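Next up: some structures, all given as structure tokens.
Below, chain A partners chain B and then partners chain C, in two separate complexes.
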Partner chain A sequence: MSTSAVNEPTYKQAAPARARPVDALILLALMLLLWQAVGVWTSGIAVAPPLPTLAYLVNLLQTSLFWDNAAATLEAFLIAFAISAVAGLALGLIFGTRPFASDVAEPILSGFYTIPKVTLYPVVLLVFGLGISAKIAFGVMHGLVPVVLFTLGAVRSLPPVLVRTARVLRLSRRQTMLWVLLPACLPDIVGGLRISFSLSLLGVLIGEMFSSQRGLGFLLVSGIAQHNVLLSTSVITMIVIVAIVANMAMLHLSRRLTHRSK
Partner chain B sequence: MTRALALLIVRSVVLAGPILLLEFGCRAGYVDPNSIIPPSDMIASMVEHIGSGDLNESMVQTFSTIALAFGLSVAIGTLSGAVIHRIARLRDMVDPLLASYYSVPTFIFYPVLVALLGLGKAPLVVLGILSAMPAVIISTLSGLDSVPPVLLKLARIQRLGPALTLWWIILPSALPRLFSGFKLALSYSLIGVIAGEFILSGSGLGFAISFAYQSFDNRAMYGIMLFVLLTAVVANGVLYAWEGRLRRRRSKG
Partner chain C sequence: MTVSMSVTEPHVELKGVVRRFDGPPAVHAVGPIDLTLARGEFVSVVGPSGCGKSTLLDMLCGVARPTSGSVRFEGSDLNGEVPPGIGVVFQEDSSMPWLSVRQNVEFGLRTSGLPSAEIKERVEHAVSFMGLAQFIDHFPAQLSGGMRQRVCIARTLVLRPRLILLDEPFGALDQQTRLLMGDELLRLWRETGATILLITHALDEAAMLSDRVGVMSARPGRFIDFVETGWPRDRDSRVVSDPNFGALTARLWSSLREESLKTMGRAS
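The block that comes next holds the complex of A and B.
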């Protein structure tokens, strides 16, 4: 149910058992081939081919130019993600245990989730000023809602016997949340955190691309502006790798948790 | 019924409360008018800008780009979804791609698309397709998966041709999932196009907002922003309601 609420096309793999490493390698090879083709076709204007990019990236990773900007992005992102996770979890647990509150909140939150939030960035800038706090706020605007909706959905679809047991054991509200609800919902919560991770990152990067003097988004835009194709392609490659690796790690974690709870 | 009514009232209060509070805060001088203007002024500015007609060109530009991106995403996405569903090996191969596609912020490709295709409609359409099409592919796959095998056997027994099978058997079962994919595609292409216009572009509603921001014209900025957000909410709301009706009709049988 959380799928429709959060509007995320959660993809169920047909049969993970069937997945062969060869297929993954073929896919990777095809992607690299496509990259090479686009790189050769547009070399010098837009995309650098894979090999020169990787060589440049290795050099770039030894410069302070890269790490200063990466640190700026990482700082804003980590704070935004932490706020989204903690606040989202708290709100989700609070709404989830109160049916009326969750019925009020859910459509409003899913509505907010589907609007083009970029248009609100100027407001964020006007309220928070230029700087890291605006990026953080924008990251939270993107990342908070999925955690709330996933947690809320997970709590609502819990077997009622768990809550009743907690009542029988006379657990306080806080103890119930901490020792019953949280562990039982953990797999879904990790699913929400996974989406929140990529959306907070998106929020921070868009913020940096629109108006900022630091960060990977800024580095990307300045690479394009200076016609430094290698720089922009390297930054994109780096972001894509980090995003995919983090996503796969969290997918793995949530599968293991689901497995354990069954 | 009383619960539904209570829900409606509380929801309206939750939505209207902050707006009234903001209105009050602005009028009483607690909120700096250089950062946020009163909501009533936003509405007035929106009405002025739409009425004056100077937004017409941007609206045509933006909405036609969104329509193009959405239409292409649906057409190409459904077709490729059907092809991928047919060929098991291909599906095994693209599985990991589809599973992690939405973790990559597609938007970072936009500057590259601009460098590649020039500043105009083309990079925006491509960006819209890049953000919307995979959702259509994913929902096509899950829609085709949800067709009960027994119905396909029935079609074979009745000796239906491929076209008739598609029309009478596959589409009715797959439609709800397909439709939720289309709904996602609309909101994703809308977000993609407006975000692209906003960051780097020379025309369109997104550009109008960022232009107003950069020329410190807060009144215009809030007016256009309100219009864009209302349009998005109405478009999503219509599809949401339509989807609900589709689902109810289906569950009735």
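The block that comes next holds the complex of A and C.
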């Protein structure tokens, strides 16, 4: 028995209080202050200050220009994220349950993860052309690997005794997968999805900035090209808000899952 | 539980069981072992650490196949599969961290097809039997190692197994709790009529609980001695003050001492 010889129940303290609303407000105020400082410092050439931006943003949100481009980004992003999540999960489970395959795949994937994927962009354009498929491909290039690596790692660190327990309880392969493997790996998988979410979005936006006629990335670049600082800053603001909210939601989810299991 | 089969047929029978691991390094872990458990018998196994006790248990329940030799349970050969009627508590903590105590114990019955009222009753009975009633809605991370092990025992009990295999289940407990858990185990054994095989490193525990104690050699583990305790069926932990108890533990220790020395010599 590897556990320490304790018999009295040891109540682990509840997870330390997370960012309280006050902290969040202070952080928000600091960010706005920084934003204002950068705006003043660059005399409004690179970044517009917060107040005019927010006013512009309110107007922008009532135009179809914004929503058409947002819809284009959303469509490409959702497809890219879905492909990353489903394919990443499947590949992670396949590699993770086959030691030899994972020994081969892991260094390759980690290597791919670290190279700047922008360098591959011309190749993607040659293969997929200028449309939505190139944006999706770029999103998947960024978003797939973290899901595979996190899933693979989670499967490999699954305690073997849980698999033996499944066999002793006479569970089928399917039941073992659904009732033991998946829940045991879920916190790590959600962690991988959270990273993949940000990176898929990044990939799609970069794709739009490079070579598309639609999408928020395109809108951002055209704002910069037209010296419309308010437009580009507004688009950035929107993207940042969406990314932060989505990230917080997923962080909350993964914390809920890990709070129970650790 | 009614036992309809003939009393003479062994409940479990191992013949010439050997287990080797291919490695590298190749390890001859166990055997050859011959072992017969009678129905309703309480047998303990002691042996130096690393001698192959857990490996033996894996083969007894069908999780692992012997390299050679055969394992029979209730008259049929195990063929790399765990038959119904065997309950196992592994040495490592095997509670599911994402499930509460109640859900962990229920987990054993997920495929049973029993009505939910029956499941609820069995689960609550097993949980209070293991002294965990107050903790039924806790998660494993909120429990001590010994309590988690009890969760695993409860998960096994709800299956009402006819053969119960326990691998050092009280290792994480202090001495007093260990004696009391031993009493509970004896009560359970009498109530269910199950056959029990208990692996332990505590000689006094083996001497107090069992009908028979098997002593294993250093690796490759083989049985070098079997000691009948001769206790009545309605015994409890108070047998430790029986005049025979000291002689029993002394006999076990004299068998085991040399083997443990071998293990130490090998390790250093």
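Quick notes
Criterion: the second predicted complex is superposed on the first by the 229 of 262 C-alpha atoms of A that agree within 3 Å, B and C clash if a C-alpha of one lies under 4 Å from a C-alpha of the other, contacts with A are read in each partner's own complex, and residues count from 1 in each chain.
Quick note on the criterion: contacts are C-beta pairs under 8 Å (C-beta built on N, C-alpha and C of every residue); 3 or more make two chains touch, one makes a residue touch a chain.
Bear in mind the structure is a predicted one, so any value in this text is a computation, not a measurement.
Of the two partner chains placed by superposition, only chain C is touched by A:R170; chain B is not. When both complexes are overlaid on chain A, the residue A:P159 reaches chain C alone and has no touch with chain B. Looking at the shared chain after the overlay, A:V180 reaches chain C, while chain B stays out of its contact range.
When chain A is checked against chain B and against chain C, the one touching more of its residues turns out to be B. Of the two partner chains placed by superposition, A:L33 touches none, neither chain B nor chain C.
Using the contact criterion defined above for the overlaid structures, shared-chain residue A:S198 touches chain B, although it does not reach chain C. In the superposition on chain A, A:A243 makes contact with chain B only, while chain C stays out of contact range. When both complexes are aligned on chain A by C-alpha atoms, chain A residues 4, 7-9, 11-12 touch chain B in the first and chain C in the second. Against chain C, in their complex, chain A makes its touches with residues 1-12, 159, 161-162, 164-165, 167-171, 175, 179-180, 183-184, 186, 257, 260-262.
Every residue of chain B that touches chain A in the complex is listed here, in rising order: 3, 6-7, 10-11, 14-15, 34-36, 89, 91-100, 102-105, 107-109, 111-116, 134-135, 138-139, 141-142, 145, 180-181, 183-184, 187, 190-191, 194-195, 198-199, 206, 209-210, 213, 218, 221, 225, 228-229, 232-233, 236-237. Listed in rising order, the residues of chain C touching chain A in the complex are 58, 61, 63, 82, 84, 86-88, 90-94, 96-99, 107-108, 110-111, 135, 139, 141-149, 159, 168, 171-174, 177.
Here chain A touches chain B in the complex through residues 4, 7-9, 11-14, 18-20, 23-24, 26-27, 31, 42, 45-47, 100, 103-105, 107-108, 111, 114-123, 125-127, 194-195, 197-198, 201-202, 205-206, 209-210, 217, 220-221, 224, 229, 232-233, 235-236, 239-240, 243-244, 246-248, 251, going by the rule given at the top.
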